[in-house]
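Please find the structures below.
Each of the next two complexes has subunit A plus one more chain, namely subunit B in the first and subunit C in the second.
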Partner chain A sequence: MLEVNNINVYYGPIHAIKDISFEVKTGETVALIGANGAGKSTVLKTMSGLLRSKTGSIVFDGKDIKKAEAHKIVRSGLAQVPEGRRIFLQMTVLENLEMGAYTQKAVSAEELENIFTLFPRLKERRKQIAGTLSGGEQQMLAMGRALMSKPKLLMLDEPSMGLAPLFVEQIFEIIKSLNRAGTTILLVEQNAGKALEIADRAYVLETGEITLSGTGKELSQSDEVRKAYLGG
Partner chain B sequence: MVKNKKGVPRLLSYAINTLLFVVFLVILNSLINSGIFSSYYVKILMLIAINIILAVSLNLATGFLGQLPLGHAGFMAVGAYSSAIFMKATTLPNIAAFPIGLILGGIVAAIFGFIIGIPALRLRGDYLAIITLGFGEIIRVVLLNIDSVLGFNFTYGASSLKNIPKTTTVTNAFICVFIVFYIIHTTIKSKHGRAVLSIRENEIAAESCGVNTTYYKTMAFVMSAFFAGVAGSLYAGYVGILNPSGFAFMKSIEILVMVVLGGMGSLIGSAISATVLTVLPELLRSFSEYRMVAYSLLLIVVMIFKPSGLMGTYDFSLSRIIGKSGDKISSLLGGRKEGER
Partner chain C sequence: MSVFSTIVSQIFNGLQSGSVYALVALGYSMVYGIIMLLNFAHGDIIMVGAYIVWVLMSLLTLPPVIGTVAAVVGCTLLGIIIEKVAYAPLRKSPRLSLLITAIGVSFFLENIAQLVMGAGSKPMPTIIKGTNIEIGDAHISFVAIVTIIVSVITMLLLTLLVQKTKMGKAMRAVSEDMDSAKLMGININRTISFTFAVGSALAGIAAVLYSCAYPQASPTMGSMLGLKAFVAAVLGGIGSIPGAMIGGFAIGLLEAFVSAAGLSVWKDGVVFTILIIVLIVKPTGIMGRTMSEKV
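What follows is the complex of A and B.
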């Protein structure tokens, strides 16, 4: 579904992503793990068109989206849950979800119902101003909002960041069930243990380069990964 | 995307609003014709209308789009001068020339808005403020000196553009206010308006929802400039004489103060504060040297006790009030509809 070949991304003179290639097949959950500053978010931002790669190609659903504008990429079915949630704080929960369906012709009641089944908490709070939600609820809202655009591929940027362990557990459960329901997922995480648990395949990113790849299981048992990310 | 929230059909609510507006105009005109309102009041009324348009148009860029442009007087000046030069040159009867002049003023200002918006909107916050501030000053200086560059009289620079036909009346000024309100209100309540609001809330999130942020930022900015140009045209037809010094930096600040005082993101707030800030200095005339002190004190007091402005983001809506009482009645009857928000 998503094929990334030899991309190079720069922040001014800084070479942030060095010749990375990876792929996400339809129906998979793929995790991109790595330490702070490894370039995980940069990769996602490049996928969603917020940053540009100087070389290579990003083929999504048969089309090269490397040069497409961000808002057009969303229309083609590639949705991103940005890092740090970034919901519309002054709008209500429902309005946030409606914004998610911005690329659709109309807000689909069915989709909204799906999201409310997935996140019952959001239904309870649908008239509440989004800024008054807790961190975990905001993460749920950000995910719900991205799902409103009916994406083929959902990219999640650090969904567990700054959340209580209980919420982290919940969020990962939801990601799992989303994937079972047919959404392909590209997950960027620092919480390598959790990410490898649910990922079909994973890539390890170190200072802008992919150093390891394999199935979630393989990687969680690999010595290198255990030492570097899973605490021995 | 957003259906009319409460029970009142949209067409009906527009009809009611139009009717109320016509009644307002009739009352205003009869007050003027009967001589209860002297020509002094008439002048203040026109100024109120112009200031309302300025404040509401700036609110579009400030309150709804969330940017801080400081060159609004520049757009007003561009509109005023283009319409004034047209009005002086044209041989059309005033009734035909007036709307053309208004729209011309708006369009020229919008073009300038577009030209300045493309580079300026890539920046945010303080940087955008500085760029637009610079732009406002450039406009003023150009208007002041362009004649000597061109070699013939065009804007008449510091000696003022005189004998502009005084075509602005209370009636046509308030009709403009009504139309501007109508257009901005419907835009804000539409899908496009929601896109603009989402940019204010969080630009990256808006982009990740598929909003073309560059397009909507430019659209809101150009619209804001257009209406400032319209207000400028009205102003030209109101004073009959234009001098670049009237469009200096302080004028932009004055408009911004109206927006902030009224509440960023509240159209009715802008209208109220534009009215108050136009009338207040006139009321305080008898205190002469103290009036700027009172004016400043008002601002300080409001900012301390109500930093979101007089109205916050609240917008007055008849249908909401009717809808609320309608809800009460239906809940009394036990017929509360579920699923309505």
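What follows is the complex of A and C.
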């Protein structure tokens, strides 16, 4: 579904992503793990068209989207839940969800109901200003908002960041159930243990390069990964 | 005249000029909200609107309706063109470059107007005619009443547009978080263009209403009006739509009462003192809020 070949991304003189390639097949959950500053978010931003790769190709659903504008990429079925949620804090919960459905002709009542079933909290608070939600609720809103565009591939950037353990469990359960329901997932996480648990395959990113890859199980048993990311 | 009638007529004077300030301040505030630019060329759009009315009505003796519609359409197009030609290429540049460009555009428009229309002022034709109203022994001009009603209706429509329509919601989303809005599939360039179009259309309406109150068109007429509307936008909280309305009316009323107190020479000074006080005491203005991010 997503095939990334030899991309290089720069922030001014800084070479942030060094010639990486990876792929996500239809129906998979793929995790991208690595330390803070390894370039994980940069990869997702490049997929979404917020940043540009100087080389290579990004093929999504059979089309090269490397040079496509960000708003067109969403239309082709690639949605992102950005790091730090980035919900519209001054708009209501419902308006945030409506913005998620911006690419659709109209807000589908059915999709909205699906999301309210997935996140009952959002239904209770749909008229509330999003800035008044708790961190976990904001994460749910960010996910619900991305789902409103009916993505084929959902990319999640650090969905567990800053959340209480109970919420983290819940978020990962929801990601699993989304995948079961047919959404392909690309997950970026610092919480490597959790990510490898639910991932079919995973890549390890270190200072802009992919150093390891394998199935979730293989990586969670590899010595290198255990030492560096799973605390021994 | 009794004290009561003085107060009543000054309230209407204040609301009349306040309506115009509010319409102009809305354009400032909306543009600032979306691309963080103080569009100092905004006042000059009004000047162009006034000349459009003058050319059509005085030169070509066309009816007021045509003059009015042409001014609004002309200002809207001008706003879109200015954004596309002068500001869009600077989307990724530092904000200071944008600000300097805006000042440049302002000088450009003023000088082009001087070149084409001459430096002297042109007397504006009568656009709105009607009988004045008497409340007690206070005279309320018909123009004042039309101005206030038109402004209030315009502001209600704008509020509906921003709160309820898909494009309005997209404008709010872009002004809050541009990258996040891109991830929703919102076309940023189109949304910014639309914002300039709406702000400039309001300036076109303001141009017609202002020309009714001060029937003269001159190349620099927009600069003082623009600056006062800017003060109104800052007072209300720049970026806030209800703030711009409140700020506009507040500045208009303040000016009217300063003049009524016999200090009309000090009118402009008082307005700019307000700017200084707001910037020192409450830089976010009346409706502006500082949002703290939740983790």
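Rule of thumb we're sticking to: the second predicted complex is superposed on the first by the 232 of 232 C-alpha atoms of A that agree within 3 Å, B and C clash if a C-alpha of one lies under 4 Å from a C-alpha of the other, contacts with A are read in each partner's own complex, and residues count from 1 in each chain.
Note that in this section a residue touches a chain if its C-beta (ideal position, glycine included) is under 8 Å from a C-beta of that chain, and two chains touch if they have at least 3 such contacts.
Note that the structure is a prediction, hence the values are computed from the model and not measured.
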(request) Check subunit A with both subunit B and subunit C modelled on it and let me know: fit or clash. (result) clash
(message) Which partner chains sit in contact with A:74 here, subunit B, subunit C, both or neither? Use first/second/both/neither.
(response) both
(request) Go through the superposed model and pick first if A:162 touches only subunit B, second if only subunit C, both, or neither. (result) second
(message) I'd like to know which partner A:149 touches here: subunit B for first, subunit C for second, both or neither.
(response) both
(message) Quick check on the superposed pair: does A:88 touch subunit B, subunit C, both, or neither? Answer first, second, both or neither.
(response) both
(message) Is A:48 touching anything from subunit B or subunit C once the two structures are fitted on A? First, second, both or neither.
(response) both
(message) If we overlay the two complexes on their shared chain A, which of subunit B and subunit C does A:138 touch? Say first, second, both or neither.
(response) second
(request) For A:103, select first, second, both or neither according to whether it touches subunit B, subunit C, the two together, or no partner. (result) both
(request) Identify the overlap between the subunit B-contacting and the subunit C-contacting residues of subunit A. (result) 48, 50, 69-71, 74-75, 79-80, 82, 86-91, 95, 98-100, 102-103, 145-146, 149
(message) Under the definition above, what is the set of subunit A residues touching subunit C in their complex?
(response) 48-50, 69-72, 74-75, 79-80, 82, 86-91, 95, 98-100, 102-103, 131, 133-135, 138, 145-146, 149, 162
(message) Which residues of subunit C touch subunit A once you look at their complex with the stated criterion?
(response) 166, 169-170, 172-173, 176-177, 179-188, 291, 293-295
(message) So in the complex, the part of subunit B that touches subunit A is made up of which residues?
(response) 1-2, 191, 194-195, 197-198, 201-202, 204-213, 313, 341
(message) Quick check: in the complex, which residue numbers of subunit A touch subunit B?
(response) 48, 50, 69-71, 74-75, 79-82, 86-91, 94-95, 98-103, 106-107, 127, 142, 145-146, 149
